[in-house]
Amino acid sequence: MTTAPSNRLFTKSEAIGFVILAVIVFAILPLALDTFRLNLFGKYLTYAFVAVGLVLCWGAGGILSLGQGVFFGLGGYCMAMYLKLEASTPENTSIQSTPGIPDFMDWNQLTALPWWWEPFHSFSFTLFAVIAVPVVFSFIIGVAMFRRRVGGVYFAIITQAVAAILTILIIGQQGFTGGVNGITDLRTLKGWDIRTDSAKEILYFVNGIMLFACLLTAQFIRKSKLGRLLIAMRDQEDRVRFSGYDVANFKIFVFCIGAAFAAIGGAMFTLQVGFMSPSFVGIVPSIEMVIFCAVGGRLSILGAVYGALLVNWAKTTFSESFPELWLLGLGALFIAVVMAFPDGLAGVYTDKIAPRIRKLLKRGPPALPAANAQETAAE
Amino acid sequence: MFSDYSMGELGAIFAMQGFAGLILFSVFVLMALGLAIIFGQMGVINMAHGEFMILGAYVTYLTSNVFADFLPALFSIYFFVAMILAFIASGLLGMFVEWAMIRHLYKRPLDTLLATWGLSLILQQVYRSVFGAREVGVTIPDWIMGSLPMTDMIEIPINGIFVMVLAVSISIALYILMYKSGWGRQVRAINQNRIMADAVGINTAWTDRMTFGIGCGVAGVAGSAFTMIGSTGPTAGQLYIVDTFLVVVFGGAGSLLGTIASAFSISQAQSILEFFLSGSMAKVLTLLTVVGILMLRPQGLFALKLRK
Amino acid sequence: MSNSEKHNGANGVNRRAVLAGGAALTASLFTPKLLRAQDFPTAAVNTTGLAVTDDTVTVGILHSVTGTMAISETGSVQAEKLAIEQINAQGGVLGRKIEYIQEDGGSDWPTFAEKAKKLLVSDKVASVMGCWTSASRKAVLPVFEQYNGMLYYPTFYEGLEESPNVIYTGQEATQQIIAGIDWVTQTKGAKSFYLLGSDYIWPRTSNKIARKHIEKLGLKVVGEDYYPLGHTQFNSVINKMKLKKPDVIYAIVVGGSNVAFYKQLKAAGIDMTKEKPLLLTISVTEDEILGIGGENIEGAYACMKYFQSLTNENNMAFVKAFKEMWGDDIVIGDVTQAAYLGPWLWKAAVEKAGSFDVDKIREASPGIELTTAPEGYVKVHENHHLWSKTRVGHAKRDGQYEVVFETADLVEPDPFPDGYQ
Amino acid sequence: MTIHNPNFVLMVEDLTVSFDGFKAVNDLSFYVEPNECRVIIGPNGAGKTTVLDLICGRTKATSGSVNFKGQELLKMREDQIVHAGVGRKFQTPSVYEDLTVFENLELSYPQGHGVFGALFFQRDDPVKTRIQEIAETIFLEDHLSEKAAYLSHGQKQWLEIGMLLIQDPELLMLDEPVAGMSVAERKKTAELLNRIINDRSVIVIEHDMGFVADIATRVTVLHQGKTLSEGSMERVQNDPKVIEVYLGH
């Protein structure tokens, strides 16, 4: 075969994978679950945004960030600030000494809205900020680190420290941020009550659409030359550099994309759960987000979604029935994924399940073209 | 803020504050030494480091109970026995973990991070199941909890001196072990070229296991010592992990001297800032400075300049 | 322990002991008028579709069994279960046995909200005893308001809240703070204070109230410091205290930091038994002393509404029953006692209203009195907080407090104090 | 500072680098003419690879100057040096094992090197033709859709050379291009190199003297970071200093 290999956005098996996920997210889950459970799955799906970003950064690019919670949190906080301002009308807050400002500011003797809260009265600014704030922040971190060639373990530890710093700051500056309680009691979005069942259902679908937008973006990046460059950088960074690429720029770019995905997830989280607190910013949630990605398969963007769904579903289920065993199970999961299944669910699928399916299909028509076998392995 | 006080008072406070900085320094050194060996020499990121420390603390707790029940006469010196037991317990657990888990992951440092994080969750739950969710109170012999009055103002806490002496002696012992003994040469040889070390007849598997065990053992001793100044509970180990890693990375991985220098600078910075600012802001500023410097000088304070 | 299943009250504990305890309490405190279920047809007492049958009524228990907060919340769970046992032993509520569904908040606030919603929507529990931290309460609050549930919240907290869907069985900040500061200035002649706290809303708000009150009294605050939750190094702040020589160190440090703070304070040569300076805290209950070690906090004063060492009959019976149910080694702190009040207050409200409906309970709650409370007589205020006495305890080496002061009257709860904001 | 002399493509002057006091390259100067094939030889530790590292920006020099067609390379980033026209092959073959041969070559194609350029890079006909052309030069036209991981050692070396060729650099630096190759592969490689060095300048590090004699225009002998001898192969081989270093001890 001397022709160029496939350069299409989807191989056949990838397209099937996308369709199956879409059916699960948009049809099976909404039909099978009541609003309460559906809302829970909506919450799990917000973590999938982070996991998909991590597949790009970590699986493809080799950049392990232990601070994705920072971006998830920044996105979530931006959205929460807007919703909180909308909930804090002078009428709603008339018992406060200063009506019209968020309740926690009043408790902390603030008598006026801080200037940097002002723009969050505008919904369009908020939508902009949800993406822009985390991206600018990740850009600064990225430039500082990747220009100086900080990578691997060091990058992981420094991003972890950044997560710790931001948590302490948010908690310490409670007059401006709501402190450890976070920003709570969010009610309406442009007058639309987000707490009702119908709103939750609509938000679930909005969330699903956003997720697919991110998945398609991720797929486009993976399939572009940039995607191949990321893999090349992970394996032979020097070779890429001496092929005339400014490696740092690519790392910064993919790190910013990861941050943007996480931020969208955070904003959707705030909308669906109804509050945001520093407990989603720190080290522990950040590392848990990495495990969602690892369980799904660090190389597979679809796997990341399943990973986020599965781990969170297991967490809810097991912590209901066996709270004491849950941590043991989660710990064992971390170890198992690293030691036995480094490619996660996606790896298990391509190594164990897909060959059998193909065998089955081969026996009876219509057979899957054999040429797809190798391409399947890439996804 | 100082105008209201006499020179004598100020002098005394600065002396005390200097001493507080030294105690913090010793605490950092104790936390970081074990990690410096494991991370610096083996490249393994042990996120369960804090849990190894807490194992040492629980061993101390058990030892204190045994002495209180069976050997009350010797209670005042049980602490030394406890530290040795803590070293052994954490060391053995470390060696087991190395055998079961870490040795398969030497080529994937980021994966050791995830696996040891999993380990830390498991250990936390085990502690919770065995010792209960509440913190346990470790009874410290009275002589350690006292203080030496130097002047009216200056009182030197004995547990502070204890921690300092311990930090210094463990540092010296490790220095001798790593840089003056044949074993230390083997460890460093493996660090530089594993295949070659293997080829020249170094038992790399055993050396790795011992190195990891010693690193964890030192963590256990640190945990034992920290029962004097901190709390002992299932999740207490988590409190130390970020600080510890920053100290090691800031010092420059692979350099014991760097670790000590970085512990010194971070502790002094934090201690001085705490005196002038609120604790939270002091902490944020210290961490920010460390991260800032690391961005400018990623190899840390004391990294060797090497030909790649 | 298996959660999320229905528990008949007496499962897994020594039934005889509980019955004995419950009986002792019953016999010694008051003679209950026995209410029979058939006098209260289910359709009449339950018009909103709650989980009430002819024989049973289901409530929820929502605390952290896992995670960092499990340390603190265990006592509350135990107290609530004990109260439910005892109520059942007396014949239940409106003749119906209380069953409970326990959910684990996992020290994670969205989980609390999630589980609260499950309890209210899927399980339709008649009321929920639960939450510990302010953050978890803030997270579940919108859920309770949206689905019109009733939460009995046990922790002393910062105030600034008054929800129609919550009964606050612990003290709000002014109740705890003002009496303590008055006491220390009047009896001990304190003139200057150093305020210290963990860095989050409760210590900050409490210290704010303390500062206002101190300044109102014409006294001086010489320092105020906050450390991140989980901080373990307090030598610098101890030095600052030595320099400023306050008469009182007013400490609101929580969690693991507590242990570090008191150990380091002692090691730095500050002997609290000498009361120079005197240490006054509102965050260390008997539970916390277990971790700190009695020898390290001996001589400190704590200001709250309940101590295990209270010698009234109610409390003697309560402590006895508690220990029979959960073991002799156990200690009981302020929050544990407040959690114990939850089921009893709910029972009283149901019986006063003659209905399980949340709206009727809300209406019936203000004015409810409990003469059987271990802390003594309490009464529900219109703002859903409790009128309660405030006491000062003196820490002893064995980890118990000796009560050295008690307010003459019940202190009125004032969650939105004028002039303190 | 060096003044550019159009007679030379590359002017290395007073180049020094020290690692914690150890001078791996010490006050080194040499000049490379257009279309010259310069071979650097020397015992282990002489600083050969370090010299290449310094020229291509992988190691930062302590002092001195490296002037390439009037540009001072020491002040430039690696990728800028590549764009200026310097290509570098590493000692151990470094190709992207998870990608196919085609993709390996494609990534080296001198287009779409910016972030967005790479994101919207189109695999159009000129690209395909050029890759096909290079693949034929490096004997890999039948392996284009194979993953690089499955190539033999020699084929990987060729692939890496091909990845440099596709950039068409004016100065090509090769670090031991035939190390670890079989005799047959060596012959083929020599043939390949002879073909590709015609229209550009090349610096090669090599130990194999037969191979050196085959390709070298001039030879520089390095010893302890300094030039020991320089000139034609014959001259160098007869230089008593060189004989002493190689055989003396």
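Note that the chains take the letters A, B, C and D in the order they are written out, and that residue 1 is the start of every chain.
Note that contacts are C-beta pairs under 8 Å (C-beta built on N, C-alpha and C of every residue); 3 or more make two chains touch, one makes a residue touch a chain.
Bear in mind that the values here come from a model prediction, so they are computed numbers and not experimental data.
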**Request:** Averaging each chain's C-alpha atoms to get its centre, pick out the one most distant from chain A.
**Result:** D
**Request:** Taking the mean of all protein CA atoms as the centre, name the chain whose own CA mean is closest to it.
**Result:** A
**Request:** Could you please state the distance in Å, as a whole number, between where the Cα atoms of chain B are centred and where those of chain C are centred?
**Result:** 37
**Prompt:** Where the centres are mean C-alpha positions, what is the separation of chain C from chain D, in Å?
**Reply:** 75
**Fill in**
The distance between the C-alpha centres of chain A and chain D, rounded to whole Å, is 43
**Asked** Which chain A residues touch at least two other chains?
**Response** 168, 171-172, 324, 327
**Fill in**
Flagged in chain C as touching 2+ other chains are 66, 199, 226, 228
**Fill in**
Residues of chain D that touch two or more other chains sit at 58
**Request:** Under the touch definition given earlier, write down the residues of chain D that touch chain A in their complex.
**Result:** 56, 58, 77-79, 82-83, 87-88, 90, 94-100, 102-103, 106-108, 110, 112-115, 118-121, 123, 128, 131-132, 141-142, 144-145, 160, 163, 167
**Fill in**
Interface with chain C, chain A side, in the complex: residues 36, 40, 43, 95, 97, 103-104, 106-109, 168, 171-172, 174, 179-182, 184-187, 195, 273-275, 277, 279, 316, 319-324, 326-327
**Asked** Any idea which chain C residues touch chain B in the complex?
**Response** 66-68, 70-71, 74, 199, 224-228, 230-233, 235-240, 242-243, 255-260, 263-264, 266-269, 287, 289-296
**Request:** Going by the contact rule at the top, pick out the chain B residues touching chain A in the complex.
**Result:** 43, 45, 101, 104-105, 108-111, 113-115, 117-126, 128-129, 238, 241-242, 245-246, 249, 278, 280-281, 283-284, 287-288, 290-291, 294-296, 298
**Message:** Please output the residues of chain C touching chain A within their complex, sorted ascending.
**Reply:** 1-4, 65-66, 103-104, 106, 108-111, 113-114, 117-118, 121-122, 133-135, 138-139, 141-142, 146, 158, 160, 199-201, 204-205, 208, 226, 228-229, 416, 421
